[in-house]
Every structure is written in C-alpha cells, then in structure tokens.
Amino acid sequence: MNMIPRFKWLPTPYRSLLLFIVWLLLNQSAAFIHLFFGAFLAITIPWICYRLRDPQPLIQRPLLTLRYLLRVFADIVTANAEVALLILGPIKRLRPAFVRVPLDLQHNLPLTILAGTVSMTPGTVSADIYPTVEHLGPDDPLPQRWLLIHVLDLEDEAALIATIKSRYEAPLKEIFQC
Amino acid sequence: MQNWMEWAVAFFLLLGGCFVLIGSIGLVRMPDFFTRLHGPTKATTLGMGGILLGSIFYFSMSPETLSVHEMLITIFLLITAPVSAHMLIKTALHHRLKAVEHTQGEQELKRGQAFASKEGNRSETPEDQ
Amino acid sequence: METLFAICIGFLTSCGVFLMLRGRTFPVVMGLTMLSYAVNLFIFSSGRLNLKGAVVLGTSESYADPLPQALVLTAIVIGFAMTAFLVILAIRARADLGNDHVDGSMPDARPAKKERQK
Amino acid sequence: MNVLWIALLPMLGTLMPVLMANKSRNICALTTAIAPLTALVILLSLTQSVFAGHIWQFQADWIPLLGLNIHFRLDGLAYLFALLILGIGLLIILYARFYLSEQDSMPRFYAYLMLFMTAMLGIVLSGNILQIWLFWELTSISSFLLISFWWHKSEARRGARMALTITGAGGLCLLAAFILIGSIVGSYELSVVLQSAELLKNHALYPVLLILFLLGCFTKSAQFPFHFWLPNAMAAPTPVSAYLHSATMVKAGIFLLARFYPALSGTELWFLLVSLTGLTTLLVGAYLALFKHDLKALLAYSTISHLGLITLLFGLNSPLAAVTGIFHIINHATFKASLFMAAGIIDHESGCRDMRRLNGLWQFMPVTATLMMVAAAAMAGVPLLNGFLSKEMFFAETLQQNLLGALSWIIPLLVTVAAIFSVAYSLRLIHDVFFNGQPKGLTKTPHEPPHLMRLPVEILVVLCLVVGVAPALVVGGLLDAAATAVLAGPTPTYSLAIWHGFNLPLLMSAAALTAGVFMYVKRKQLFDFQNALPGVDTLNIFERAIKQLCQQAGQLYALLDNGSLQRFMALLLTAFVILAGLPLIQMETLNGGRPELPVDAVNATGAAMLLISAFATVVWHRKRVVALLMISVVGLMVSIAFTRFSAPDLALTQLSVEVVTVILLMLALFFLPHKTPKQSEPSKVVRDIGLASLVGIIVGSLSYALMTRPFTTISDFFIANAKTGGGGTNVVNVILVDFRGFDTLGEIAVLGIAALGIFKLLTRIPVFKPSSDGEGRPWARERHPLLLATVAQSILPLALMVSVFIFFRGHNLPGGGFIAGLVTAVAIILLYISQGVDWVKARMNIEYQRVVAIGLMIALFTGLASWIFGRPFLTSWFDYFDLPLFGEIELASAIAFDLGVYITVVGSTLLILSSLGKMTTSYRPTHREQM
Amino acid sequence: MLSYVIFSVFGMISLALLLNLWRLMRGPSLPDRILALDTMYINSIALIILYGLLMGSPLYFEAALLIAMIGFISTVAVCKFLLRGDIIE
Amino acid sequence: MNHLVVIPILLPMLTALLIMLPPVHYSPWRRRLVSMVSTVLLLLVSVTLLFQILADGMTFYAVGNWVPPFGIIMVADLVSAIMLCLTAFLAVGAVFYGSAGEDERGSFFHPLFQFQLMGINGAFLTGDLFNLFVFFEVLLIASYALLIHAGGKNKTKAAVHYVVLNLTGSAIFLLALAVLYGSLGTLNIADMALKVADLPPDNQILVKVGGLMLLIVFGLKAAILPLQFWLPATYSSASAPVAALFAVMTKIGVYALLRVFTTIFGEQAGPLAGLATNLMWVFGLATLFLGALGVLASKDFRKLVANLVLVSVGSLVAMVAFQNTAANAAILYYTVHSTLICGALFLLADLIAIQRGKAGDRLVAARRVSQPVLLGGLFVFAAISVAGLPPFSGFIGKLMLLQAAVGSDKQFWLWSFLLLCSLMVLVGLSRAGSTLFWRVSGMQKADERALPLQVFAVFWLLSASILMMVFAGPLTELGFAGATQLGDVIQTIRTILPASGVSL
C-alpha cells in the first residue's frame, strides 16, 4: 500500500487525469485552448482540494483497474437485466435475504469501491459496513469488518459470498496492493 | 450511416425508457423497503445509461458535432447511486423497518439494526454471538 | 397550455398562502417557499410562454422574452436569501422564546404545556 | 427696531438666569430683571408717539410662502398690554426673589418666567396672525412649565397637564380660525385682517371661524365651561399665579377679543356667543369664589368672574363697552396681582392658605393686611378705588344694551347679582383672614415679610388708589390709545370721573355693596346650602377622564392590534383580495385573444404532479419531514417547467437554490419540532382556506389574463444588442451582468447581507440539541458514513471543474457566476455533511464573511472601473483577441463582474450553512469571533 | 420514426414519474419516500434529456447534470438528517 | 453624466465592505471611525447633489450606459435629493449614537448599517420599478439583521412578524411588477407613465390591479392601516440607533407612493389618473387617528414614539391623496421634520431608559434620571417639535399641511383629524413626560450618564428642528420647487425619454 504521491505538484495523478477527461467531455472539444485550460485545471483543482481529502492508497495496477472496470460494467448490464426480470416477475417467488460478507479490505477507498460495486451488480445492495469507528474506542485496533448486504433473490449464500470475494474484492486488493 | 444511427438512437432510448419504467415499477410493486431499493438503484441507473447513450448518438448524428458530455451524467450516477442506496438502507436499518416476512438472515438484519443504533455494544463483534 | 399554467400558479399560490397563515414558523417557511415558486412562475408567465425559444442567440427563430427570465433569476436569489434568513430566525425564535409559534407564545396555555412535556 | 428690541430682550433675558445659575440669588434676580427693565424703558420712551397714534413696526421675511413673516407692531392696545406684562413682570421678579425658597431652583424659575414673558409680549406685539399663534402656544408651553414648577407634587403635575390640554385644544382651534381668516382675507398680516371686517363677516365660513376663534380665546381666558383649569393651576408658585393667572396669560384671550374686535365683532352671533359666555362666567365665578376656603382658589374664581365680566363687555357690541373692558383689564391686573402676591405673602409667612385656619392675622402683619384690604376693596368695587370706576361704567353699559330685546333687563339684574357675590367674597377675604378670632393650628407664627417682598404689592395698591382717585390723569392717555387701537376708528366720548351724579349704576353699586355685606353676614345658611351640594373635584374628574380616554384608546387599539401574526397576514391578504380582485370583476373577459399553446400529455403529467405534490405538502404540513419531501417535488417540477418553457438558466438556478434550501430547512428542522401540533380551530382553517383560494384565484386569473394578451416589450432591444453591445449570446446572462447589472449587484448584496444577518442571529444562541428524533428514536451511531465520506471527497474536484465550466460559458450559454457559485458551495457543503465541521475547519480555515466582502468588492470595483474610462458605473467592456494556437478569445468585464457574483455566492452560502452547522460543534460562533 | 420513439419514451418516463409520486405519497416509511424522491430526480434527468432531443438543442444538458448532483445531495442530506438529526456536525 | 448621483449608493456599500475586511475590521474604533467618516461624507455628497440639482435641474444617470427605458437609471431630482439628505443627516445621528457602544453589542453593526443606507438611497434614487424592488430588498434584509442587533426576546418576536409580513409584501411587489411589465412591456417608471396613457381598456384594468398591488406594498412599508401592525413592536424593540434609522423606513413607503402614484398615475394617465387617491386619503386619516390613539394608549415611551411615527405617516399618506403642489411640498417638509425628530426621540428614549434603571422606558414611577436637566430639556424640545407646537419645525410642518388643504373638499376632514390628533399627541406626550421625569419613586439617582457621542447624536438630530425653523423660508421654497418638479410628469418624461417625442 502506497499513499505517498510521486510528484508533489501532481498529488493525485489519476484524479487529475479524470478531471482532464471530464473537462474535455464538458466542452466536447479537443481544441488547443480546451486542452490547455483543461490541463491547467486538472492540475490546479486537485492541488486546491488536496488538503480536503483523507490520504488514500494509490492505484498501483492501472491496467488491472481498467479490466476491473470493464468487468463491472458488463456485470452491471447483465445483473440489471436479471433484476428487471425479477421486478416484473411474480413477487411471491422472490427470496430476499440479508447476508454478511467478511471483509479483507481495510482501507476506505477500496472498501467504498467494493461496496459500490456490490450495490451496482448482482441483485445485491450494500447495507452497512461495521464495526465503524464509532463502535471502537480511539485506540482500539481494527477488528474484522463485515459488509452487510441485502439480496433480492438469494439462491446460495456461500456462493454469493465467494463470488463477491473473488470477483471483486480480490482484484481490488491487487489494484491497491493492500 | 444516418439510418443506422437512427436505429441505434431508437434502440437505446427505448431500452433506457423500459429500464427506467421497470425501476419505477419495482419501486411500486416490491413488498418491503429493502426489495424496493433494488429497482431504482440498478434498473434506473442502467435505464439512464440507455437514454444518455441514445442522446449521445442522437446529437452525434449531424456530421459536425459530437455529443459526449452525457457520459458525465452516467459516470456521476454510477458513482453516486450506490452511496444513495447505502445511506437509504442505513436509514432503514436505523428506523428498524420491517423486512418482508420470508426474508432470510433475519438475524443479520437485527445485528445490522443494533449496530446502526446505539444498542450495539462497543466490544460486541459478530463473533461473540 | 396557458390555462393549465395559470391553474398551477393559482393553486401554488393558494397552497403557499394557506401555509403562511399557519401558526408555526416552519409551515410559514414552507408556505413562503411555495409562494415564491408561484410568484416566480407568475413573473415568468408575464413574458408569455414559449416552447422553443431559449434566449441563446442563434438557437431559435422566435425567442422567449428574456427580461422576465432575468427578473425571475434575481427574484429567486433574493427569495433564497430571505427564506434562509427566515429559517434561521425561526430557530432563533424557538431558542429564545421556547416555542415555535409565530407569535412567540401559544394562544392558550394548554397546548403549550403539552409541547413542553414532549 | 425699537419694537423688535422690546420683543427680543426678554427672549435674551431667558438666558441670563441660566448663565447666572451659580451666582447668588440676588444677582440672579437682578440680572434677570435687566432685560425686561430695558425693554420697559424702551417702551416708555415710545409713549408719546404711541399715544399720538403712531404704530411702530418691524418686519422681516421668514416664510413668505406660508404667509408667516416676522412682524412686530406696537399700537395702543399692544402698548397697554406690553406695559402690563413688563411692569407687573418686573414686580414679580422682585417678589419671586423672596418667595422662592432655597430648595427651589431660581434660575429655572426665572428662565421659565422670562420665556413666558417673551411669549406674552410676542402675542401682543405681533403683526402677523400666524405669529400671534406661534407666541400663543408658547404661553401654553411656558405656563405648563411654570405650573408644574414643583413637579414633585402630584397636583402640580396634573394641574399643569390640565391647563396644557385645555389651552392646547383651544390653541388648535385658534390655529384653524387663523388659517381660515388668512385664506379668506388672502393675507396673514394683522393690518389686512383688521381692514377686512366686511369680507370676513359676510363669508359663509364666518360662523365656523368665529366659533373656532372664540374657543381659542375662551379656553385661554378660562371662560365657562372651560374655566376649571384655572383653579387647578393654583398649584403653581404664587408669583406664577400673580403673573399668569391675573395679569397676563388669562388676559391673552381677552387681548385677542380686543385685537380682532374690529374684524369680527358687531354681529348677532358675536354678541350671543361672547356676551352670554361672559355673563355665565361672571356669575359662576363669583358664586363659586365665595365658597372657596383656599385663599388662592378664592382669588382664582374671582379672576374667572372678572374675566367673564370683561368678556361680557366685549360681547355687547358697543364701542363704549369695549373701552370699559379695556379699562377693567388695567384695573383687574393691578388689584388682582397685588391680591395674589399678598396671599402669597400670607402663605409664605404663615405656611397656610386655608381661611378656616387663618384668622386674626391683623395683629401679626398689619401692613400686609392694610394693603390687602385696599386691593380687596378695589375688587369689590368700593368707591375711590379703580375697581369702582370700571364697574360703574360696566353697570352703565349693561343698562344701555338692548340686545336681548324685551328681556334685556335680565343682564343688569344678573350682573348686580354677580356684584353682590363679589362684594361678599371680598369681604370674606378680609374679615376671615385678618379678623375673625385667632389662627388655628399654624405651623409657624406669622409675621411681616421682608420689605422688598412687600414692595410690589405696595406699588400696585398705590396704583389702585391713584387710578381710583385721578383716573383721567393717570390712565386717560393709555386708555385712549388702547381704545383707538381696539375700535380701529374714532373712540366714543367717555368720561373717567369718580362722580357721575346719582344714577342707576350708582344705585346698582350701592345695592351690591349693601347686599354683599348682608350676604356675608348671613353666610352660614348659604355655606350650608352649598355644602349640601355634591362637591366636584374637577382635577380628579379630568384626570380620570383622560385616563379613561387612554384606556379606551388602548382597548380600541388592542381591538385592531392583538399581536397575532395570523391576523395581520389575514388582513394583508384581505387587502390584496379586495384591491386586486375588485377591478378584475370589471373586466369583460380574462382571455385577451392570444392563441394558446397546445397541451400535451407530458406537460399535463408534470402539471398534475406539481398540483398533487403541492396539495400533499399542505395536507401533510404538520409532518414536517414529509412535507419537505413533497415540496422538493414541487421545486423539481417548477424547474422542469422552466426547462420546458425555454428558460434553461432559470431551471439551473432554481435547481441549485432548491438543494441549498432543502439542506437549510433540514438543518433548521433539527432545532425545531418535527411535527406541528394541531392547533387551529376548524373555523380558522375554513377562513384560511377561503382566503387562500381567493388569493390563488386572483393570481391565477391575472396570470391567465397576461399570458393571453399580445404585448410589445423593451426586450427586443436586449435581443438585438446582447451580442453587439454586451458581447454575449446568452441574452438572459447579458441582462443580468450588463443591461441590468445594477440589479444583480443589489441581489448579491442581499445575499451577502442575509449571510451576515444569519451569522448575527446565530451568535450566542441558546441552543439545545435534541438527543432523539421526533419519534423518540435516539440518533444513529455512525456520524460520518464511510462511503459517503470517500465519495464526497472525490466529488469536490469534479464539482469545482463543473463550476468553472458553468462559470465561463455563462455569458454565451446557460450558466454563469451564480449557478457556478452554488455548485461550488454545494460541493463544499457535501463535505461538511459527510465529514463534519471539525474536519473541514482543520483543513480549510476561511472566514466566509471575508469571502463575501471580497466578492462584493470585486463586483463593485468592476463597475467602478468604467469611471476610469469616463463611462457611467457598470458600463461593460469586451473585446476579441486573436492569439496564436488559442484562436479567438473574448475578454469581457462581465467576467470580472460574474466572478464577484461567484465569490459572493460561495461565501454567503457557506457562511449561512456552516454557521448553522457550527452551532452544535466546538466552533460555535461567539460574538467576539466575528471580527 | 424517431419522434414516435421519443414520444413513447416520454410516455414511459411520465408513467415512471407518476409511479414515483405514488410511492412518495404512499410511503409508508420515510426511507420509502426518500427513495421515491431520489428516483424521481433521476427520472427527471431522463425527462430533460428527452426534452433536449425533442428540441434538438443541447442547452438542457447542464440542467440534467445539475439534477443528478442535487438529487444525490438532497437524498444524502435527508438520510443524514434521519440518522443523526444534525446534518452538519 | 454626473457620477455624484450614484455615489450615495456606492459609498455606503464600499464602506460596508471595507469595514468587513482587514485592516479596518480588526478594532472597534477603526470600524466606527470608517463608518462615521463615511456617513458624514455621505451627507456632504447628498447636499452637494441637492445644490447641483437646484442649479442645473433634474438629471438622470444611466447605469451601464444603456439609454432608458432599456437600462436602469437613477433619477436625481429635488425630491430624491431631499430624501438623500434626510437619510444622511439621520444616519449621522444614528451612527454616532451607535458608536458610543451599542454597536459592539452584536456583530456587524456598521456593515449592516451601511448596507441599509445603500438600500435606502438606492430606493430613493432609482427610476426603475424592478430596481426599486431590489433596493427595497437590500434595505429590508439589512433592517431584518439590524432589528435583531443586541438580541433579546422582544426583538426576536418582533422580527418574526416583521420579516414574515415584509416577505409577503415582497411577494406582492413582484406580482405587481409582473402585472405591470406584462401589460406595459417596460420597467422604467417614466416609460410606464408614458405607456399608461394609451392602453386598451382591458389592459387598463390590469395596470390598475398592478397599481393597487403596489399600493399594498408601499402601504405596508409606510405602515398605513390596516398594514401597520408590524410597526409598533418593531420600532419599539429595535436597539436605539437602529430604531432611529428605521424612522426613515416608513417614509420610503410614502416616497414610493408619491413617486409611483404621481408619475405613473399622474394626470397624463387618462382614466387611471389619480388611482388610489381615495384609498390613500381614507386610510391615511385612519392611520393618523390610530397613531394618535396609540400615543394615548402606549404603556412605554418607545411604543409611544413608534406611534408618533404612525401619526406622521398617516398625515403624509393622506396628503399624498391631494396630488397638488402645496400638498406635496408639505409632504416633503413634514417628512424631513418628522423623520428626524422621531429618530431623535428613539435615541432619547434609550438614554432615558438607561438612566431610569429597571423601569426602563415604561411609563411608571421609577428612580429619577441622573441628568434631569439635560434629558428633560431635550425631551421638552423634542416633544414641542413633534407635537407641532411652535416655534420649531413641527409647527411649520403642520402649518403647511393645514394650508395645503385650504379650499379643498377634503379640508374639513383633514383639519379635524390633524387638529384632534395633535391634541391627543399633546396629551399623550405631556403624560409621558411628566411620568418619565417627575413621577419619582425614591430619590436616589442613577450613576449612568449619557456619553458624549450619544448626547451629540441627539443634539444633532434635534438641531434639525431648529435649522428647519431658521431656514424655513428657503426650505419651504425648496419643498415647493421639489413638488413642482415632481408634479410635472411631462417634463420628467421628456428629460428621461427625449426620443418619446412627448410635447407639452
């Protein structure tokens, strides 16, 4: 896990990249002035906001990230089609359930991404991550954390937990090297 | 080319419209809050993606313009929808909303509720129970 | 369309006015907000309705009237400032006077007692 | 100039006692006397010319447009009064030096006295009727101060207030009369008025103005039924009574009767009003005087009676009667002033004014007794004294009048009755005080006063004697000059002799004297009769009446203003319904003929949602959170309507304001109850629904009427000039930052001020933090949910990027500084929500009020910059630059202005929301922190 | 053809909005209502995008973007309010 | 183009901002000094402007260099210049008084005070109806914030009423604006006056509705019955310098009535000429009477003074109905007089209340004030002036009011009401004065003494009454000149809209 940026003037390189793309998307143009101004903003804005963020682990494996994103995107499409069918289908056949997933991830950003992914993909919604800071004393060591999820139609609890851990949590651990 | 684009536009718009509608139907049809949450979070997001894609194609039909900024809305929704859902479900836990009767893992629900409110003991971890 | 628009304005006004006539500060704030919507739509409508005339030069043949739009913008901002002040004033009044009645005291004693018990 | 000095010197004299406040009492009195003495000398130096008929004048412009100019005018009448005012005034100054005790503030007394003297002189010397009124009211004010000189006594305060009220009311009537006279005559100059008798008397408004005029005179001169203030004014120190209530102020009304005699008298109405009032007053005063036990009260009623006598004379519409009236003014002033002063001496040296306790004072103060006896004899009309002369002439006049036709004989009869009482009370004054056994229960042994204190009495009594013995010699010229002025023409022949032979008047005098003595001797029965009558305490009655009036006023006031906002709002809205609704009824048709746009299903859905959610907000308004959600839908639908009807800027603004409002309301709801208790009675709800419906119907109809009418507007100019003159293609934005940039400057100022005000509201607020929500649920444990915190941190730079984008495109496309500002602010607020104040404050310690100030400053200076180029404030500038690589770039001053808007909006919004948020944290703003 | 498509999608979105409103009114719980409102915000984005298509004008894009943003923030704020009362603590 | 015209708006704004920023905001005395100096400067500017207008006639300032009716203009004529001078004069008194310590009892006193001045001056100067709304809001929001200065339950309570009523008023103002814009197609007041002349009858009714709505709005600001309810509580609970400044607030309503109803609905307006005069007349008199009742009924001195404000407003609004030069001249003179004296009375009430200890300004027996001569003297002077007794400005003002009605069919009622109410005021004031200064319980005096700045402020405001007496001649002439200028709508239109081609 690495939380120290490589360049001082570019504290959050991926964020800057994202912003640069966003600027071009907003202007829908790749004219020089937009490139120039976009680059300027993509550097200055993170710099302005730098203090307004908690340090987060940096992405160590960009390519893997890309793969992860593509996979999630595909999952979203398929999962949503499933959910749509469930919604339109007979309600009585639904098997809703609450499931608790043990977490290996520790850090906020990966955790957030995981929870987000879980919410967007297979008929599940992240409900809570606990214990939280408030449950612990200031000096308590971080214990095992859990992700509580709600499943719309649960077939096999163990399989679901396994899927989540292998398909999403493991790549994230890889990406952030934590 | 034009015709192909038009078909694409029509396809994406209709697809998106359907998903949006299904999401909202889910909101109405589902028996409890927790199940209702799924429709809007997922189907609607995808539906929006469809409509925005339709829009992208539509505005890109004329040769000199390219419309891509709809991507931004999609990205934004993808980022925020899970958080909204998370906050909502936390609220539901806090308000001790009843899950529909045949929901499995009721114990997990109770535990979650206990953690959300102050009843969850400080030293209490799931292992202890 | 104009008829429907006018009905909406009238109805929003009625709702806003009714809420403003309530005895507690919060409904009054809500009423004010609602009334502001109505008033803004009213100013807007004084420039007549136009479905295809966003006043950005070069995008349409017949433009909507831009002046009422500018006026509504000013009115929205001012309305926001005023609402904000009133909201905070309501908090202050509750803190200072111990209740959220617009007159600072209950019309008769009994409901006041009830509220205190709560 | 001379006449100006006479009027001016006492005014300057007002300052003397104030300047000499630290000096000894003698010096204070002496210096005070300098001014009136000088004035008197000047006056006397003018005697010859005035008696010869010369009128001295001084004129200067003051307010020509109102006809109010400075005009002093000294003729015979003015001379007579000025002489009385200055002469007796000087004696009073001397007398008061000894009368006032060590505890009394002598400078204050003298200052008031001189102020009063100024006012009196002003009245008599004025040549402009508005100026008369000016001084007239000054006498009321100064007499209020004098009567209430011993302010710690309740009856002094109340007596003063009563005098002020009565004379003040009269004064207002008089003012109305004067303006009427002025408007009829066309001038407020006294000389013009006096020459316009026919014009005035023949005018339709003559009765009105006469009544108003007489109300002024009668209240001041204590005529029945306004007489009651005078006895109550006796709470004043005796020098005041001697001066104001015998010689001067009460004579002011009489003076006006005399002054306006040429212009207003000679009509039936004049006679009826003036003489009958005078007669009644004469009788009532004389009768009541007899039964007063208080020395000063007796004198007060006697004064009322004598004032009635003079009034009666002026009312008889006969020149000779008027002359007699003037003569009696002189005589009454001398003997009554001396009597008051003597009474004051008795009070001063014996500590008592009650005649039931004061007996046999002859043995203690023979000189004073003698003086008083002479003066009282003059009052009773004993021969060889001045009172006798004028009374004799008075009797003769009453005999000669023929105004009541066959009943004219009643007047002399009643007058004789009054004279009988007059004799009786004079006799009582002497016998009861100086003889009649031994004093009872006096706190100190009476003795003669210091000689200088007695001196004024002596002088006046000598005058009574001298005038009584040699009237023509002493006052002939004076009387003649005054009479000429009053009659404004030839004076009738009259003779000021002691002996006119045996005639009916003499018989009346003799009868009055005899019957008076008899009445005094048989006074026991009369007193018993009077005592059997219910006593009337006018002071209490008056005070109670005023108090009652105030209470009634309070009740009437409370009837309207019950302190209920709901009532006020209902009234305001009712006014709206009436004023805006009634004209609409006159309209033939609402529809103005402009074709309507077609309705489609989507718009109908939107409208339905708007209506339903608005209705739901109202229905559920007592569940506040639910109502908040419902009203959000309304806001959303309104924004969509703006989008639908070609107003993207409006939609953007409405949306961004919407979210801030919702956050604000939620912040507020934390400190407010979450539910509204049911409180309104059904009838009230029905009333409110009715009122709300009416308002809604009117507003809706108006909007419909407007929308369906074709119209031409100045907006075409904006569309035509936005690009060429304002440099932008988004016309709405160009209007905001350029055509109507001043509105925007005001608007952001409002926002900034609101933020300051909110900060102010939240300082030192006694906050209470509910520990559970409306249903008693304790708050959730997690303060800053992890997911939210992480995402919020990522959204901030995105939002900033979007802000920049929206900001820069605003001039040409929907957007602009305001919306950009709100987007930025909302993103930061999201940080506050997700991370809390402490977290943000630790990382970004900005004082938002400074941000607000800087933003406003930028906008202001952008506007001011155009001055450098010699253009008006806020004149815009823009130009296009062609740069290599970048292409054409537009630079515009509007961008700088919009930057000011942006910064102000960010600062204000954050100041508002964060100070509200801070309330529950350690960063709760305190008063000291603010600057 | 496209205009038919656009109108039918309009119809779907309108229906969706009405369904959202129904849930918002019906409740029964506050989270249900908030969820309905949140969905309504998102569906409105679709509505506005469609307006843009109808007009053939990209002027409405920012409004859609803004709704996405404020819909999120108000949902979060209301939830925070229900959870903690004090949304900025 | 005369930049002096906008300075009365920009100077207070700049001052407010300077006070909020370093280095001024660091110490109370710096803030005070800047605020006081600026206010005095404002007075000088206003007076200079007045003299310039006297010399050169009416002028306007096109903000942003856009010709009317398209851009916003500031109209500087004698009436607005007189009101500017009045405001600045009053403000000097208020800000000096406030600088004696009241300003530090809450935050942002001076910035808010200056913002309020900005709003007031803007409202007086603007020639654009929507811009008038904006400046109304500026002055209102500043007044809301100032009202709660120094805190306290009464202030909060009064503020809730004041704010809610005024917000409703603002909503109605906007509706009125929209109606007028929607039927006349313009926002410039002079242009409206021009366009109102030739309207189809149906649109006339709309314009009439708009005008009557404005009557409600301005009536609310001016506090005429039945819209006066906010006034007594608001004025009597505000802290002294704020209340003093507020004395001019109702006059803004009167000014707006005068401006709008003599210009837009002036004699050129055809069937709409003289709109609402009957209403103003009746409700003006009613307000006058209500104020006088209030003076009698008041149980504390500040409420009494607040009711005196009502009395003056009632008289003024009733006079607006006359719509002739003499009446308008009287309005101008009387406005200046009553504003300054009421302002002084609010300050004086505070001094008295401080020295009377616990009893404050309640009209009950209390301990004796520590400076009876000073305060009593000031009180008597102010009371004489405000009651319209000679020789000070009140007398001249009343004389003008009475004279203006001569020959009119309204004469009888105006005179009756004015004179009767004068008497009631006299009774009320004499009762109040004798209670405040003379009904003493216990002889011990207070230690509090009025501070020099406070005394100066009261003297300053009261000196106006003397100045207005001494220079009554030129001042009445000024009033008549201003009234003539105000009444000459055609000339106004020709000055502002030369292109309109209006001929006499």
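For reference, chains read A, B, C, D, E and F in written order, and residue numbers begin at 1 within each chain.
Criterion: contacts are C-beta pairs under 8 Å (C-beta built on N, C-alpha and C of every residue); 3 or more make two chains touch, one makes a residue touch a chain.
Here the structure is a predicted model, which means the values were calculated and not measured.
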For subunit D, the least number of touch steps when starting out from subunit C: 1
Partner chains that subunit D and subunit E have in common: B, C
Chain pair showing more contacts of the two, C-E and A-D: A-D
Furthest chain, CA centroid comparison against subunit D: A
Between subunit E and subunit B, distance of the C-alpha-averaged centres to the nearest whole Å: 12
Chain centre separation (subunit B, subunit D; CA means) in Å: 70
Subunit A and subunit F, separation of their C-alpha mean positions in angstrom: 62
Euclidean distance of C-alpha centroids - subunit C vs subunit F, Å: 28
Subunit C residues counted as touching two or more neighbouring chains: 20, 25, 42, 45-47, 52, 54, 56, 67, 74, 78, 81-82, 85, 89-90, 92, 96, 102-103
Residues of subunit A touching at least two other chains: 22, 26, 115-116, 126, 132, 135
Numbers and ranges of subunit F residues touching at least 2 other chains: 130, 134, 137, 141, 144-145, 148, 151, 160-161, 164, 168, 175, 178-179, 181-182, 187
All chain pairs that touch each other: A-B, A-D, B-D, B-E, C-D, C-E, C-F, D-E, D-F
Contact set on subunit B toward subunit A in their complex: 18-19, 22-23, 25-26, 29-32, 34-35, 37-39, 41-43, 45-46, 65-69, 71-72, 78-79, 81-83, 85-86, 89-90, 93, 99-100, 102-106, 108-109, 111-112, 115-116, 120, 122, 124-127
Subunit D contact footprint on subunit B (complex, rising order): 76, 79-80, 82-83, 86-87, 90, 94-95, 115-118, 120
Residues of subunit C touching subunit F in the complex: 20, 25, 28, 32, 35-36, 39, 42-43, 45-47, 67-68, 71, 74-75, 78, 81-82, 85-86, 89-90, 92-93, 96-97, 102-104
Residues of subunit D defined as touching subunit B within the complex: 777-782, 785, 787-788, 791, 794-795, 798
Complex contacts: residues of subunit E adjacent to subunit C: 55, 57, 59
